[in-house]
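In what follows, a structure is listed as C-alpha cells, so that the remarks can point back to it.
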C-alpha cells in the first residue's frame, strides 16, 4: 500500500536535516495531535488541549529555536543554505496533523526572518530575542502585526500602495520609537503573543519606501493590549484578535533593518509566507490522502471497495494528481528561496510574484479537492469524526489570508505583463 | 518586458546541451515556421509548406539523429544522463512554433527509445537503422503503430488489458516474423513513415506478458500499406492514417527487446510519450504567453491597455500561473526519467502513473486556458491571424491522445490506491 | 432587504396567500433569527429550537401540507410546489439548518399525504402530531449510505448501497431491525422516522414510518458535524421495533423516486434562499469596503466586481432553474415528458446544479471577504458549512450521475 | 432522432404551427445538411449556401418575423420568442454557422420590425429584400470590438470600447465612415449591415442600416477563422457612405440592450440545438464503442458513463434556462421584474451560461471519443470549433460581467 512518502519530492534537494526532523515531527503528530484534534474546535478559546502539543513541539523538541544562530542557542537555519527546504518539510509535517498549529508555529518565525536570515542578520536583535525562545521548554509565540481595520490586505499590496495606507505610526523620540496603532487578525495574537513585529510608518500617507518601518515590540511593553481571540470557521490552534499599541516605547534599535531595507526585506517575509502557505496545503493534502485511502478501502459499493468504482477512482486520481503537483511546486519554490545565486533574491519582485502564483494555485486546488472529497464521502464528509471537514475548513483560511486570491492574481499579472495600475 | 525565458525552470538540472540547442531551435522556429504556420492547415495533405521546415530541423540541423550512439552518426543522447531533460527542452521549443511538427519530430524517436536507450540498447538494430536517419539531410519519420480499430487506447491500458486485445499478430517463421494486422492513427503515418515500431502479439488473446511483442517494420517492406492522412481539427504537420500489415516479413532480430522485455520497456515508451506531451503543452503555452503579451499591450479599453483592466489581468495571471506550473512539473518529470537511481526505473509503474497524472494535468489546464484566452480576445480569438485558435485546436489533440484523460485517471488511481479492477 | 425582486422568477401562478406566507416568514426570520444571531451565534437551545418552535407551530408550517379534514391547511396537492419553494427560500435564507429540517419533514409527510401515494389511514393517524400539537414535530429519513466493511453479506443492496434496515411482517405488525443507521437529520430529536427497509424477500425498497418513541429504537450520542446545528443528529438502532402494518408508506422504487424528487425540490429552494443571504452579505461588503486606499469602493474595482458578478449570476440562474422545476411539479402536463418518466432526473439534475454552484458561489464570496469570510461574526461561514453539509447529504455526484446515465443513455449495469 | 423529448422544456404555449415548423426544419436538416455532410464536409459553395438558400427562401425563414402587410408571416411580436427558439434549435442542430447567420439576421430585422422599436417606413422599404426576394438576404451587425492601439483619440468610446463608425447628418441623409470594421458575420456576402455608430456630438450609440451595395462600402479579403464556415467574413470599410436618414434604426443604449437581448436569446437557442447533435454523437458512441475488451459497452463503464451523464445534465439545464428566457420574453408580466429593468441582464446571464457550458460539454465529449473526437469525419470537432467561435463573438466574459455588476450591485464606474 502506498504511503504519503510516495508523493514526489525532488530528491536531489532534500536538506541534511530533512529526514531526521521529518520523522521526529511525524511522531509528534501521530502521538500528540492526531488522536486529539477532533476536539480542538471547542478548545479555540482556552487551548487546554492544544497548548501541550505546542509546548512539546516548540519548547521541548525545541523547534521554535531553529532560526537563531547556534551560539545563541538556536540551530542556525537562518544562515544555512536550506532554510526554505527544511522549513517546507517541517511545516508540511506539522500541517498534516493540524494546519492551525502549523500556522502558529510557522508565524513565530515570520518576524524573526527579518533579523535571523542572511544577508541581513541583525546580530544585536538576535542576541536580545534569542533567550526568549531558546531558554524555555514552553511554546513562545511571535506575530507579525500587519493588517489594519481599514483596507485589509492593502498593506501587503506593496508595489502599488507602497505602505501609504498604513495608519500605525512610529515616531522617534530620542533613542526610542513611540508606536501607536490598531492591528487586527495577526496569527498568534488573541493573547498568546510574546513578541510583535509591527508594520508601521514613520510618515503616514507617504509612498517613500524609507518611511516603511518594521519594528519589534515585546508584548509585555506598557501600552500593548491584546484582545481576546475571534471565533472563526477553523484553525482553532491559531488565535487571532485585535492588538492596540498606545504610545508604546521601544528602543530605537528595535527597527529591524532600517529605512529602505525594512521594506525590501519585508518582501522576503511575504515570500516565506507564501512558501509556508503551500507547505500547509501540501501537508493537509497528504493527510487527506491517508483519510481517503482508508475510507475508500473500507467502504463498499456494489460488493466491491468503493475505490474500484471507476468514476469514484477518477476523482481520487484528480486529487492525488494535485497533491503530487502541489508538493513538487512547493519544493521547487523552497529551492528558489534557498538558491538566490540561481533564482534571484528572495525579496525580488520575481520571487514574490511567483510565490503568489504558486500559493493561489495550491489553495485553489486544495479547496476544490476537499470539496470533492467531502462530496464523495457523502454524509460522512461532514462528520467531525472523519477529519476531512476539518481540513476543508482550515484550508479555506489559508486560501483567504495574505490578501487572498485576488491579490495573488494581481501581483502575478503585474510581474509577467508589466502592468502599472492594478 | 518579460520573455518566455522568465518562466521558471530548475536551474540545477539543465542539460549541457540545453542552452545551445534551445537557441538553435528557437531560431529555426522564428525563421522557418512561425511566419508560415497560419497557412499550415490548408497544407495538411500535401505538406508543401511544412516539409521544408521538417527537412531543416530534422535533416539539416540533424536533430533526428540525437538518440543514436555517436559512432553510428548520432549524438548519443540515448545513453546520456540527460536524455529526458534535453528532449523536454527540444520538444518545448519546437512546439512553441508548431506542436504538430513537434509531435512528428518527437514520435520519430518513440520507437527508437526501445533500442537506443540504456540499459536496453540494441546495438545490432541501432547499427541497422542509424544510417536511415543519420546519412541524410532530409527528414525521416518513424512511427509507433499501436492503436487498432477496435478499442482505441485499450492497448495502452497495459496493467489491466496486458495486451490481450491486440489483434495484430506476429508469427515466427524460421528466421522471420510474419506480421499481420491493421493499425490506425499512428503519428507519422499517412504515407510519410519510413520505419514502424509495431505493437503486436505472438499469441492473440493472451495476457502472458511474454506474448507482447514490439517489432520493427521498415515501411518499404512488401505487404505494408499506408493509407492517406485523415483530416482533423488541427496539427496539420502530423499525418495520421491507416496502416495495414499483410503478411509482412521481417528478420527475427527486429523484435526490439524480446519476450517480457518488450512489454517492460514499452512502458518506458509510454513514460516518454507523457513527457513529450507535457513538453508540447509547455511549448505551446509559452507561445500563448507571447501572443497574449502582444495583444493585451496593444488593445485598449477605457483608454488604457487592456492588460490594466483588473479583471482581465486576473485571467492573464491564471494563465501564466499555469504555464509556470506546467513547466516546472515537466522538468521535474524529465529529471525523474533521467535519474532512475533517485526515482526508480522509467518503466516502473510508479513513473508511468506519475507521468500520466502530470500529462492530464498539463493538458486540462492548457485546454481550459486556451479557451479562456480566446474568450478574452473576443472575436479575434477565433481568427487564424492571431495564432491562438491554432494552438487551441492543436492542444486539444494532445489531450485526447494516448488514451485521453480517463486512462490517465485510471492509471493514477490504480497506482496510488492500489485498485485492482479499473 | 430580501432578494425577492432582484432575481427574476415566474410568479404568474403565485397566489395572494403565497405572498402573505412569504411576508410572514420574512418577519419570522428577522425577529426570531437574524436579530438574535449576533448574540446567540449557533446556540441550539437558545436560538434555533425557539425559532423552529415559532416556525413549525405558531407559523403553522407543520400543518401546511396536511389535508384540511385532518386539521391541516390542505395544501396536499402537487400545485403546492410553488408555495413550498417560496416558503423554503425564506426559511433557508434565515437558517439553512432549519430549512433543511423543514425540507426533510415536509418530504416525509408528503410521501403519504400527497396524491401520488395518499395513505388515508396512516395520514389520519399521524395528523395530530402535526396539526393538533403545540410542540414541534420533526420528521427524518433514513436512506442508504455507506458503511465500513463489505456489506454484501449483511444487508440487501439497493442500487449498490446497503439498505439501512430489514423489515418482516408479523401479523398486522411490521418488525424492523437495523444497526447504527445515520438519519438525514435530527437523530436526537425527530419524532418520526421514515426508514428505507428491505422488506422480506423483496429486492425493492420499502419506506416504513417509525415513531421516535417506539420501544427498541435506540438513539446514540450526538455527533459533531461541520454544519446544520439545528439538526442534532446521531445514529439510531432499531432492535426489532414493531409498528402497525399500516406504517408501510410505500414499497418499490417508483414511489422512492417520487419522494426524492420532492426532497430535491425542497432542498433546491432552501439552498437558493440561503444564497440570498450570501448575496446580502457581499452586497453590503461591496457597498462599504474600500480597496487600494480611501475612496475606492470594493464594488467599483473591476476584479472584485467581476467575482461579485459571478455570484449574482449564479444565484439568478439557480433561481430560474428552481422555478422551472416548480413548474414541472405543478404543471407536468405543460412539459414534453416522455411517457413514464417521473421528475426524478430533472429534479436530481437541478438540485445537483444548485447545491454545487452554491458551494462555488459561497467559496467565491469568502475569497472576496478575506478574514471576514471565515470569522464567525460575519455569519457568512455558517452558510458555507451548512450548505456544504446539505450538499453531501444528497449523495455523491459521482454515484448520482449513474442515475442520469441510465436516463440519458439507457445504461443497464450501472 | 432529435432530442425534442429527452430534454424537457415547457411547451404549454407551443402552437401547432410551431410544431409544424420544427418538423419542416427537421426535414430540411436531414435532406439539405446531414445527408450531404460526409461527402461535402464544410464546403461553402456546395453545401452551406444551397442549404441556406433552401432555409431562408424555400422554408421562408427570412419572412418569418416581418409584418403580414409587408409580405411577411407576421410573427413580429415578442410572443415569437418561443417560435424563434424552437426554430433556431433545429437550425443550430443542423449547422451552427447557418444557425448563427440566421440568429444575427433575425436580430437585425427585429431591431426595427418588433414592437419595441417599430420603424414603419424603414420596415416597408426593407421588407421586399426578405419577403419578395428569391435569393437569400443575410443581415449582419457591426458592434464595438477591440482594435490595436489607443483608440481614445480616434473614436468615441461606448462602455470602454470604441464605436466602430461615426455618422453625421447631411440633410435627409446620414453619412457614415469607419475603417476596417469586423462584422459579426458574413462581411463578404451580407446584403444589409446594422452598424453601431457614434452619431455626431452624442455619447449614445446609434444603429444605422447600411445596404451592402452602398457606394463607399468596401469589403476586404475573406478572413480565415476557426469555425462557422457558413459565415464568410471580412473587414468592411465605410468611406463616407450615405444612407437615408430613415435608416437610423435607433439611438440610445436602451434599444441597444433590447436588441442584444434578442440576440442572446437567438444564440442560446442555436447553441442548445447544436448540443443536441453533440448528444446524438456521444449517444451513438456509447451504444457501440467497447472499452477494456469485447462485450464492455462504453456506456456501461462507470467512468465514461459519469462523463456522459454530465453531458446530458448540462444540455438539460441549458434547455430549461433557454425556455425560462423564452418565457421572460413572451410573458414579461409573469415575472417579478423591477420596474425599468429590461431583459438584458438575464439574457446575458443565460447566454453566457449556455455558451460556456457548451464549450465544457463538447470538450468532454471529445475527451471521451479520443481520435474520433478530433477527426473531421466524425463531425464532432466542427461543432466544437463553431460553438467556440460563436461564444467569443459574444464578447469576453470578463467584460460582460461588468454589466452584471452594474445590475446587481449598482456599480457606477465599471
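Going in written order, the chains are labelled A, B, C and D, and every chain counts its residues from 1.
As a convention for this text, contacts are C-beta pairs under 8 Å (C-beta built on N, C-alpha and C of every residue); 3 or more make two chains touch, one makes a residue touch a chain.
Keep in mind that this is a model prediction, so the values were computed, not measured.
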Pair sharing more residue contacts (C-beta pairs) when B-D is set against B-C: B-D
If chain centres are mean C-alpha positions, then the most distant from chain A is chain D
Once you find the CA centre of chain A and the CA centre of chain B, what distance in Å lies between them? 40
Which whole number of Å gives the spacing of the CA centres of chain B and chain C? 50
Would you please write down the residue numbers of chain D that are in contact with two or more other chains? 302-306, 398, 401-402
Contacts with two or more other chains, residues of chain A listed in rising order: 309-314, 406, 409-410
For the complex, give me every residue of chain A touching chain C. 38, 41, 147, 150-154, 157, 160-161, 164-165, 184-185, 230-234, 240, 298-303, 306, 309, 311-312, 314-315, 367, 371, 374-385, 389, 392-393, 396-397, 399-401, 403-406, 409-410
Of chain A, residues touching chain D in the complex: 309-314
For the complex, give me every residue of chain D touching chain B. 41, 145-152, 157, 160-162, 182, 184, 223-228, 289-294, 303-304, 307, 359, 363, 366-371, 373-377, 381, 384-385, 388-389, 391-393, 395-399, 401-402
Using the touch definition up top, name the residues of chain B that touch chain A in the complex. 1-2, 6, 8, 10-12, 289, 292-293, 296-297, 304, 307-308, 310, 313-314, 316-318, 320-322, 324-325, 328-329, 332, 335-336, 339, 342-343, 350, 354, 357-358, 360-361, 406, 408-410, 412-422
In their shared complex, chain A is touched by residues of chain D numbered 301-306
